[in-house]
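In the two complexes below, chain A is the common chain; its partner is chain B in one and chain C in the other.
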Partner chain A sequence: MQALNSESGEIRLVNLTKKFGETVAVKDINLTIPHGSYCCLLGPSGCGKTTILRMIAGHETPSSGEIFIGENMVVGLPPVQRGTAMMFQSYALFPHLSIRDNVAFYLKMRGVAKEERRRQADEMLERVQLAHLRDRMPAQLSGGQQQRVALARSLITNPRVLLLDEPLSALDEFLRLQMRGELKALQNELGITFVHVTHTQPEAIALADMVVVMDNGRIDQAASAREIFNTPATPYVARFMGAQNVMTGTVQGMSNGVAFLKGAQGVSFEIAGKRDLKAGDTVSFAVRRDRIATHRRAKASGPQPVNAIVGRIDAIEYQGNFVKVSIDVPGLDSFVANVPDAEYFVEPIKPGDEVTASWNREQAHVLDEVDTGSSDPYAAS
Partner chain B sequence: MTIGGGSGRRHPPAFRLSENMNSRSTALPYLQVTPLAVVLILFFAVPVALVLVVSFFRYQMLVGIVPDFTLKNYADILTNQTNWRLYYSTLKFAVIVLAITGVLGFWISYFLVFHVRNLVTAIALFLVCTVPFWTSNIIRMISWRPVLGREGLINQALVGGGIIDQPIEWLLYSDFAVVVAYVHLYTLFMIVPIFNSMARIDKSLLEAAIDAGATRWGVIWNVVLPLSKTGLALGALFVVTLVMGDFSVVTVMSGGLSGSAASAIFNDLQFLNYPRAAANAVVLLVVVLLIASAIFRLVDVRKELVR
Partner chain C sequence: MPSSLERRPWTFYVLATLMALFVLFLYGPMISVLILSFQGTSASLSFPLRDPSLIWFDELFNPTRVGDVPGAFSRSLPLAVIVMVLTVLISVTAGFGFRRRFGGAGALFYMAISSLIIPGLVLSIGILVTAQFLGISASWYGTALGAHLTWTLPFGLLIMFAILGRLSPSYEEAAFDLGASRWQSIKDVVVPIVFPGMIAVALFGFTLSYDEFPRSWLTVGTKNTLPLEIWTMTTNVTSPALYALGTTTTVISFLVIALALGSIILIQRRRSK
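Now for the complex of A and B:
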C-alpha cells in the first residue's frame, strides 16, 4: 500500500490550554509529534488525553494556544481541511447505512458520483478484508469487524494524521492483540502520523514510537517507550508504568560518582552513575521490579547490607514466566519484585515469610522529582 | 481464567430447579397479561364490535334502531356528496397540519437535543412546550379570538401601523384559523416522539459526519433526519389521528363554516340516527387505519424501537 498522503503530518501543540467552565482539562501543553510517527497519549481517565485528541481533530476548540499540522495553524479549520481523520471509541458507524455506504460517506459529501464512490469504497473494504460484508448493516457486524469498517471510513479521506480514541478498549483480549499488531503494521505501511489515546500501558509500549504520559492535564514525560519504561522522569510515571519501585532517601555523601543515601527506616542506599547530587539533597529513585532479588531473611547478623530492604511477603502471584512477589515494607506504599519463575521455584517463599530484597547500585534510576507519596489508583499491578 | 470456575463439573441441583420453574411458568405469562387483556376487551374490543354491529342495523324515523342486516347506511355515506367533501376537507387539514407540525417539531427537537448543551435548560425548555396543555382545549381555542378576531391584536396592530386600511377578515372563522389552532394544539405531539428518537442519536455520529466533510446541512440530511424517522412517523400518527377524529376545533375556529368527517357523525347522533353514525365511524376508522398502515409501511417503527 502506498503512502496515502505525502504532506507532512507533523503535529505541534503550542501553549495549548482547554478549560470547561472552571475545570482546566489541558494545562498549557507544548508537544511536537514528528511526521510519520506512532504516538500514544497515555494516562488515567480524566487526564485530558482525549481532549487533546479532539482539539487536534477539530471537534473541540482550544481555550488558548495553537495547533500546527505540517506548516498550517489549524485552529478554527474544519476537520477535512486539517487532513485529519478520527476513529471514534464507539466507532460511530452510521446505523442506517450499509457498510459500503458508511465507507463511501466521505466521497458522497464531496459529491463523487455513485459508481465511482462505490468502486473506491469497495477497494477500501478489500484492504480491510471486509468486501464480502459490504451490504450488511453495522449492527450485523462483530466488534472487530465494526472497527475495521471505522478504519476504512477514516482512511478513505486520505488523511495525513489518523487520530484513534481508545480504539482497542471495546475488544476482547484476543482481538485486541490482533488489532494492535494490525494497527502498527498499517502505520508502517502508510507512513502517516498516528495519534492513539489509551489508558493501557502495555498497549502504549507495544505500539508507540513516542509515548506521552499525562496526568491532570499536564504532560509528565514524552519520550520513546523504552525510555519511559526504563528511566521514568517522575514518581508518577514510574508508578503509572507499573514496573518500578519508588524509594526516597537523603544524600549522605558522594564518592567516585556513587551517591550514598539514607532512607526513612534507616536503610542505606547506593546509586551509581549520578554525579550531580549533593550531600543533604532528598532524592527519589526507582528500581525495576525485575531487577530485584529476594532471599529468605537470614537471622540478623553482621552489618545492615546496602541496597537491601527487609519486609514481609504480602502476596504471591504466578504470572507464567515470572512470579510477582508483593512485599510489605514499612514506610513504602508498595514494593514488588518480579522473580523469574525458574529462580523462584528453586527456593519458594510464602506469604508471611520475612525476606530481604536487594539490587545492584547500577539499577537505581534517580527521578527528576521527589516522591510526594501520592499513590496512584491506576498504577498497574 | 479464574481457579475453580464453572467450567468443570456440572451442578445437577440447579438443573432440577429450572425444570420446576418451567412447569409453573406455563400459566404465569397468561396470568400476567390478564389485567391488560380484560381492560382492552372491555373498553376497546367490545365497543368497537358493538359499533360495527350497529352500523348494519336499520334506522326508522320515530321508531329508532331496528336490528337488521342492511348496507344502506354505508351506501348513504358513500353516495353523499357532502360526506365526500367533508372527508376531503379533513384530509386536506391533516396534510397541511402534518407538514407544519412536522417541520416545527423537527426543528424544535433538533434545537433542544443538539444545541442546548445544558440538560437542565433543555428540560426547562421542553416543559415550556407543554405550557399550552396546562389549560383546557376549549380555552386554548377561544384564546385565539382576541388575537385573530376582526378587532383582535393582529388586525389592530396592522391597521394601527398603517399597513392595511381594513381589518383582515380571514384571520378568524376560516380554514386559516383552523390550521393555526391545530398547529398550536398538536405540535407537542410531534415534538415528543421526535425528541425521543433524536435524543438516542449518538453525538459522535454527528462528529463522524463532520469529520467526513459533511456540512451542517449535510449532517442533518444524511444523519439526523434518517435517524429521526421513527419519531417523525409516530408523531405523524398522533397528529393524523387527532386531526381526523376532531370536530370541535373545526367547528369553533371556522365559526361553523367548515366541517370534518367527525362532524358528520355528530350530526347523525343529533338526529338519533345511531346506525348511520356507527357506519360513518367505521368508515372513518378504516380510513385512519389505512393512513396508519401507510405510515408504518414507510418506517419500520417496531424495528427502530427495539434498536
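Now for the complex of A and C:
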C-alpha cells in the first residue's frame, strides 16, 4: 500500500479546553502528536479522551484553545478539509447501503461518477480483503468484517490522520487481538497518524508509540508505552496501568545516591535514587508487581528488614505464567506481588498466611507527585 | 424432556380461549358483512344468503336509491391522501426539530399530543364554531382537513419521535466526516434509514383520516365524506347495498395497508440481502 497522504499529520493541541455547560471535560491541554505515530489516548470513561478525539475530528468545537494539523489551524473546518477521518465506536455503517456503497459514500458526496467511485471502492475493499462481500448489507457482516468496512470507508478519504474511537471494544477477545495486530500493521504500512481512544491498558501498551494517560480532563503523562509502564509519572498512572505498587515515606537522609525513608507504619525503605531528595521530604514511589519477592514470615522476627513489607495474604489468583498474590498491608490500599509460577509452587502460600514482601532498592521508582490515597481509577469521575 | 413436563398449564387454555373469542369478535362481523354484501335480489338484510350476486355493488355506483357513494368516495380518498402527505411532512420535520433539545420542547410536545384526549365530537363543534366566527365556510378540504390533522399528527409525531430518538447521531456524524453537507446527510443517510417509519406514519395518516367520523361530523360542510355517508345510509337505506359499501371500503383499507407493509418488507429484504 502506498503512503496515502504526503502532508504532515502532526497534531498540536494548544491550551485546549472543552466545557459542556458547567462541566469541564477537557482542561487546558497541550499535546503534540508526531506525524506518523500511533498515539493512544488512555483513561477511564469520562476522563475526556473521546472529547479530545471528537474535537480533533471536528465533531465537537473547543470552548477555547487551538488545534493544528500539520501547519493548519483546523478549528472551524469540516473534517474533510482537516484531512482527518474518524472510525466510530459502533462503526456507524449506513444500514441501508451495501458494503460497496458504504465505502463509496465519500466519493458520492464529492460527485464522483458511479463507475469511477465503484472502481475505487472495490479497490479499497480489496485492500481490506472484503471484495467478495461488496454486495452484502452491513447487518450481514460479522463484527470484525464491519470494522474493516469502517476502516475502508475512512481510508478512502485519503486522510493524514485516522481517528479511532474505542475501535476494538465491540469485538470478542479473540477478534480483538487479531484486529489489534491488523491496526498496527496498517498504520505501519500507511505511515499516517493514528489516534486511538481506549480504556484498556494492554491495548495501549501493545499498539502505541505514544501513550497519553488522562484523568479528569487532564493529561497525567504522555510518553512511550515502555516509559508509562515502567516509570509512571504519578500515583494515578502507576495505579491505572495496574502493574505497580505505590508507597509513601518521609526522607530521613541521603548517602551515596541512596535515599533512606521511613514509611507510615515504621517501615524503612531505601531508594537507589538519581534524584536529589532532601531529608524531611515526603515522597511516593512505585515498585513493579513482578519485582516483588514473597516469603512466609518467620516466627521470631528480628530487626525490621529494609524494603520489606509485612502483611496477610488476601487472595491468590493463578494467571498461568505467574501467580497474582494480593497482600493486605495495614496502611496501604492494595499491594500485589506477581510471583512467577515456578517460584510460587516451590513453597505455595495460602490466603491468611503472613508474608514478607521485599524488593531491591534499585527497583523503586520515585513518582513526581505524592500519593494522596487517590481513589479507584475505574470509579466514575 | 419427558412429555409429561411439556403439558401446557391451564392458563394456556384460558388465554387461548380469550384470544379465539377476541379474533371472532374482531373478524366475525366483518366476515358477516362481507358475505351478506353478495345477497341476491331478495334484498334481505340478514342471513341466510340467497342467490349470491353482485347487484348491490352495482347499485353502489349507480346511485338510484342509495346516497351519493361515488361522490363521498371522491372526497374521502383525496382527503385521506392529503392528510397522509401532510402528516408525513409535518411529523418528519418536527421529528428532526425535536432531535435537538430546545427551550419549551416538552411543553410543545405535550400540547401537540393532548389533542388525542379531546373528544372528537367536541373538537368538531369547536372547529365549526370558530370557522363560522372567522367567516370560513366548512368544507372537506378546509375545516375537515384541519380536524383530521388534529387526530393524525399526534400519532405521526409519536412514531417519528420514537424512531428518530433511537437513531444514533453517529450516522449523521459519519456522513459529515465523509464530506456530506447537512442536506446530503439527511437525503442520503437519515431519510433512507427512517423510511420504514415514514411509511408507518403515512399509513396511520391515511387510515385514520379515511375512517374518521366524529371529527368529520360538523366540519365537512354540506358534502359528506364516506364514513358520514355510511352513517346516513344506516338510517335510511334498507338494502344490502350497505353491506356492499362496507365490503368495498374495507377492501380499500386493506389494500392501503398491504401496500404499505409490502413496501416496508421490500425495503427490509433489500437491506438484508
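Here is the rule we use: the second predicted complex is superposed on the first by the 375 of 381 C-alpha atoms of A that agree within 3 Å, B and C clash if a C-alpha of one lies under 4 Å from a C-alpha of the other, contacts with A are read in each partner's own complex, and residues count from 1 in each chain.
Criterion: a contact is a pair of C-beta atoms (placed from the backbone, for glycine too) under 8 Å apart; a residue touches a chain by one contact, two chains touch by 3 or more.
Only a predicted model underlies this, so the values are computations on that prediction, with no experimental measurement involved.
Asker: Using the overlay on chain A, decide if chain B and chain C clash or can fit next to each other.
Answerer: Here chain B and chain C cannot both sit on chain A without a clash.
Asker: For A:352 in the superposed arrangement: first (chain B), second (chain C), both or neither?
Answerer: neither
Asker: Have a look at where A:106 lands relative to chain B and chain C in the superposition and call it first, second, both or neither.
Answerer: both
Asker: Have a look at where A:94 lands relative to chain B and chain C in the superposition and call it first, second, both or neither.
Answerer: It touches chain B and chain C both.
Asker: Based on the superposed arrangement, let me know which partner A:157 touches: chain B (first), chain C (second), both, or neither?
Answerer: In the superposition, A:157 touches chain B and chain C alike.
Asker: Looking at the overlay, what does A:78 touch: chain B (first), chain C (second), both, or neither?
Answerer: In the superposition, A:78 contacts both chain B and chain C.
Asker: First (chain B), second (chain C), both or neither: which does A:137 touch?
Answerer: Once the two structures are laid over each other on A, A:137 reaches chain C alone.
Asker: For chain A, give the residues common to its interface with chain B and its interface with chain C.
Answerer: On chain A, the overlap between the chain B and chain C contacts is residues 57-59, 78-80, 84-86, 88-90, 92, 94-96, 105-106, 108-110, 139, 153-154, 157.
Asker: What does chain C use to touch chain A in their complex?
Answerer: Listed in rising order, the residues of chain C that touch chain A are 168, 170-171, 173-181, 184, 188-189, 192-193, 195, 267, 270-273.
Asker: Which part of chain B faces chain A closely enough to touch in the complex?
Answerer: Interface residues on chain B, with respect to chain A: 202, 204-205, 207-215, 218, 222-223, 226-227, 307.
Asker: Which residues of chain A touch chain C in the complex?
Answerer: 57-59, 78-80, 84-86, 88-90, 92, 94-97, 105-106, 108-110, 137, 139-140, 153-154, 157
Asker: Touching chain B in the complex: which residues of chain A?
Answerer: 57-59, 78-80, 84-86, 88-90, 92-96, 105-106, 108-110, 139, 153-154, 157
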